[in-house]
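Listed below are the structures to be examined.
Both complexes below contain chain A, partnered by chain B and then by chain C.
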Partner chain A sequence: MRKYLYIFKSKVMSNLQYVFDLAGGMIGYFLHIFVFVYLYRYLYMGEKDIINGYSLNQMIWYVIITELIWCILGGRKLCYKISKDVKDGNISYNINKPYSYIGYVFFEHLGDIFIKGIIFTIFGMIIGFLFIGSFPNHSILSIIVVIISCILAMFISILLIMIIGLFAFYIEDSNPFYWLYSKVILVLGTLLPIEYFPTVVQGILKYLPSYVVAYGPAKLFVSFSVNNTIKILVAQVIYLFISYLLCVLIYKKGVKKLNVNGG
Partner chain B sequence: MLTEVRSQIKVTMLSIKYAIMRELLNKVTFISNIIFMILNNASFLIQWLVLYSIKDNFGGYTFKQVILLWGMAAITYGFSHFFFKNAYHLSDTINTGRLDTFLVQPKSVYLQAITSDVTVSAIGDILYGYIMIFVTGFTIEKFLLFTFFGILGGISLTAFIIILGSLSFWFSRTDIIVDTGESLAVNFATYPDGIFKGIVKWILYIALPVGIVNYIPISIISKFNIKLLLLCSIYCILIVLLSIFIFKKGLKRYSSTNLMNARV
Partner chain C sequence: MSNIIEIKKISKIFKIKEKEKGLIGSLKSIIKPKYKIKKAVNNLSLTVEKGEIIAFIGPNGAGKSTTIKMLTGILCPTKGEAVVAGINPAKQRKKLAYKIGTVFGQKEQLWTHLTPYDNFKFFGAIYDLKNYEIEKRIKELNDTLELEEFINTPVRNLSLGQRIRCEIAASLIHKPEILFLDEPTIGLDPVVKENIRVLIKRMNKEFGTTIFLTSHDVGDIEKLCKRVVIINDGKVVLDDSMENLKYHYLNNKIIEVKMKEKVNLSDEDGITILKDKGYNLKLSIDVAKKSVADVIKLLNTDKIIDINISNEPLENIISNIYKGNKK
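And now, the complex of A and B:
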């Protein structure tokens, strides 16, 4: 474990030198929130105060949290890196190293997004406060639970994107699968909570990754309850376990197919 | 003059042809890129279906108009990314000295710097745009107007990106400005203008190529208006001329690097 922590620490230190690079991402994040604030204000204008169990303020906080998780994640870069490692044969350099490729990429990416995560979270909270003027009611314990849920969502997302990246063992370019995955997460959990969907669909949505990587943490932030906490955290732990196993399995199967020419 | 323009277009088209041939080396990836981009765009229909189940009008747009707006945004983005992919990397081309390669060739530096590569998935965006015409009710008039505004919008969007990218002749790290400009144009283009108010609306119609490139064409397709059509055409010509002017002005400041590069 120490070697992985070392990889994580080195990445964090290296990213500290490039804090300015975050400016573009922060502007992009702000723009998304800006558009959704206008969209939801329009949606709630002249309608009931509560739609599908959410007030306007809750909807804005919801999208701030889900977009925050998504923007911090940097999934496109991760998928591209793994896909490129496989295609270019760079992955072969990692095979004979005294660490697992899965562990290496996982902790390297965590290190990559650590500083970004802290800065974006502060930025997101400021944006939310400026648009709404208040925070949802929370105790210290509930805040800790929300943070744990957000971290679990990140871990699951990283593993799921790694699985998609590793598809490159079987097809030339796995990036299109990432586009589709990102839109499933975006449309079925990031932009709208699952309560907005028809009741029949809600049952299915609870089993999709969007439930654990977007809806879960945001739901706990805007409307905390013990009942929801248990449901969401249990689902996240199960998802984390399964996605890790799948990731290792696909890597082990895929690496046997690896054929590197030259170098 | 005419021969020069014709020759330039021929070189650009050849450049695109070879880029496509290069991409076609792997047909599975080529096709999957296109199909997945169509699915990627189509996923947003779900968001609008859900929203329109609550309210039947968003900013004066019906459901059909919103998906046509999405189609327009997709075709302008697709056209721009397919034919002028390198416009989006102009800052990088300038900063890394890769402009040297184009300077020594007897063709327009401006056009060479922005063409010469294609984004395959952008074909998916263009096709998605046309699918939206069929979904919202096909007519020949709608098809022709949509194609016209798609091309016009793609050129205007490219010119806007070139203006931002050309700032690299004067400043460093303008890639962030280009990314932000693209983000602004794409984000706002897919939501009805009626939901925005005050200064934001002004920005969308004046500072960004969104109002004239996306919103006005949708209103023209719904109800034809020759004056608005002329306005869009004049805007396109002006923004292209402005981009050429800024690029050429900046090019005079460009100093070469020692980078060895070759176009194959």
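And now, the complex of A and C:
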């Protein structure tokens, strides 16, 4: 494990050189939130204070959290890196090192987003407070649960995107799959909570990755309950386990196909 | 001495997709893909002793890299078996990783935003070394490879020569028994090349590291290696000591002469005219067929202004072996 922590640490150190590059991402994040704040304010202009179980403030906090997770994640970069590693045969230089490629990429990416994560989270909380003027009610314990759930959402997202990147072993371009994945997460969990969808659809949505990587942690942040905590954390642990297994399986099968010529 | 690498009749066969010309060909290859079988390495056997510096050379596409990749566990041989430091690379890749180091001149392994020192700490941790062991090793490598001057400068700000020195140091952090060097001096200027060669030699002497070198640079081979293995079309075509290689293949002498008068010489058995500019001649002599003295007699010694007799450059010898094998 020490070596993976070192990979994480080295990436954090190496990334400290780029702290100022985060400014662009922060502006983009702010604009997203800004648009949704006005969109939801418009939506809540009628008589109802609560729509599908959410107040206006809850909806704004919801989108702040889901967008936060999505922006910190940097999924496109991760997917591109892995499929490039596979296509260029770069992956072969990682094979004869005493670590697992999956572990290496996972911890490297965590190191990549660590500083960004902290800065964006503080920024997100400030934006939320400026727009709304208050935070949702939380105890220390419940906020710890939310943080754990957010971290699990990150871990699962990284593994799922790694799986998509590793498709490059079998197909020429894994980008369309990433596009599809990002749209599913965006529409079915990031912009709107699943309670906004028809009941029949909600049953399906609970099994989709958007439930564990976007909806879950945001739901816990805006309306914390023990019942939801159990449901969401259990779903996240199951997803984490399965996505890890799938990732390892696809990698092991893919590496056998590896043909590295020349060079 | 014991063998550290034993290759027993390994082969590697690649299946390469083939496509006919044009759009129709592309469509056809979707419906009914055709494959070509390519034997990159063909029944290759080789042993390397502990502490040797061996040059493993051959023209592009000869199967050098494929062989190295099989020896380092990146590729599995289709047939045959290799044993490297007592380990079968195809079966125990991770275990082997602790015993070998690799440097690919064309591929960066270092993290460019970190300093060499941080990189060494990182690689040390990857190979499960304790902190004090890493520090001790960095000091050793620092002394041998002379890194002091730039050990705290981010790698991206280093010159290519400094970077290669760091690459070599990073690959030695875990005291590997064998170091695979794939074109370590590519793109370097002659002075830096010479430096790197001296360092490689010193490393071999001080740490007893076995060195398996591939390079297209004849200087690397000539100055570093006592033994040369040439492969072509996936087979060993020559496995000999550097001395023997030079001695046996040194039948050819190059004679350059400047004459007072024009001489009329034509190609004959044992003499090949390389350049003929009337007063200036460049000849290649096969001494097995014609002695140097005979050739000079032919030229008429009284009329010679200047003469230079030299050995055939090693580069030519090697390219002749490559070509000879193609025939």
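Definition applied: the second predicted complex is superposed on the first by the 262 of 263 C-alpha atoms of A that agree within 3 Å, B and C clash if a C-alpha of one lies under 4 Å from a C-alpha of the other, contacts with A are read in each partner's own complex, and residues count from 1 in each chain.
Quick note on the criterion: a contact is a pair of C-beta atoms (placed from the backbone, for glycine too) under 8 Å apart; a residue touches a chain by one contact, two chains touch by 3 or more.
Predicted model only: the values in this text are computed from it and were never measured.
Q: Which holds for A:F177: it touches chain B only (first), chain C only (second), both, or neither?
A: First partner only.
Q: Between chain C and chain B, which one touches more residues of chain A when both complexes sit on the common chain A?
A: Residues of chain A touched, chain B against chain C: more for B.
Q: Touch test for A:K3: chain B only (first), chain C only (second), both, or neither?
A: Touch partner of A:K3: chain C, not chain B.
Q: On the A-aligned overlay, A:Q17 touches which partner chain: chain B = first, chain C = second, or both, or neither?
A: The answer is second: A:Q17 touches chain C but not chain B.
Q: Taking the superposition on A as described, I'd like to know which of chain B and chain C A:I95 touches: first, second, both or neither.
A: A:I95: touches chain C, not chain B.
Q: With both complexes superposed on chain A, which partner does A:K257 reach: first (chain B), second (chain C), both or neither?
A: It touches nothing on chain B or chain C.
Q: Can you check the complex and tell me which residues of chain C touch chain A?
A: 14-15, 40, 60-61, 65-66, 69, 72-75, 93-94, 96-98, 100, 102, 104, 106-107, 109, 111, 113-114, 118, 121-122, 125-128
Q: So in the complex, which bits of chain A are touching chain C?
A: For this pair, the touching residues of chain A are 2-3, 6-7, 10, 13-15, 17, 92-93, 95-99, 258-263.
Q: Chain A touches which residues of chain B in the complex?
A: Where chain B meets chain A, its residues are 26, 28-29, 32-33, 35-37, 39-40, 43-44, 46-47, 50-51, 54-55, 58-59, 121, 173, 175-176, 179-180, 183-184, 187-188, 191, 194-197, 200.
Q: Of all residues in chain A, which touch chain B in the complex?
A: 20, 23-24, 27-28, 31-32, 35, 38-39, 41-43, 47, 51, 171-173, 176-177, 179-180, 183-184, 186-188, 191-192, 196-197
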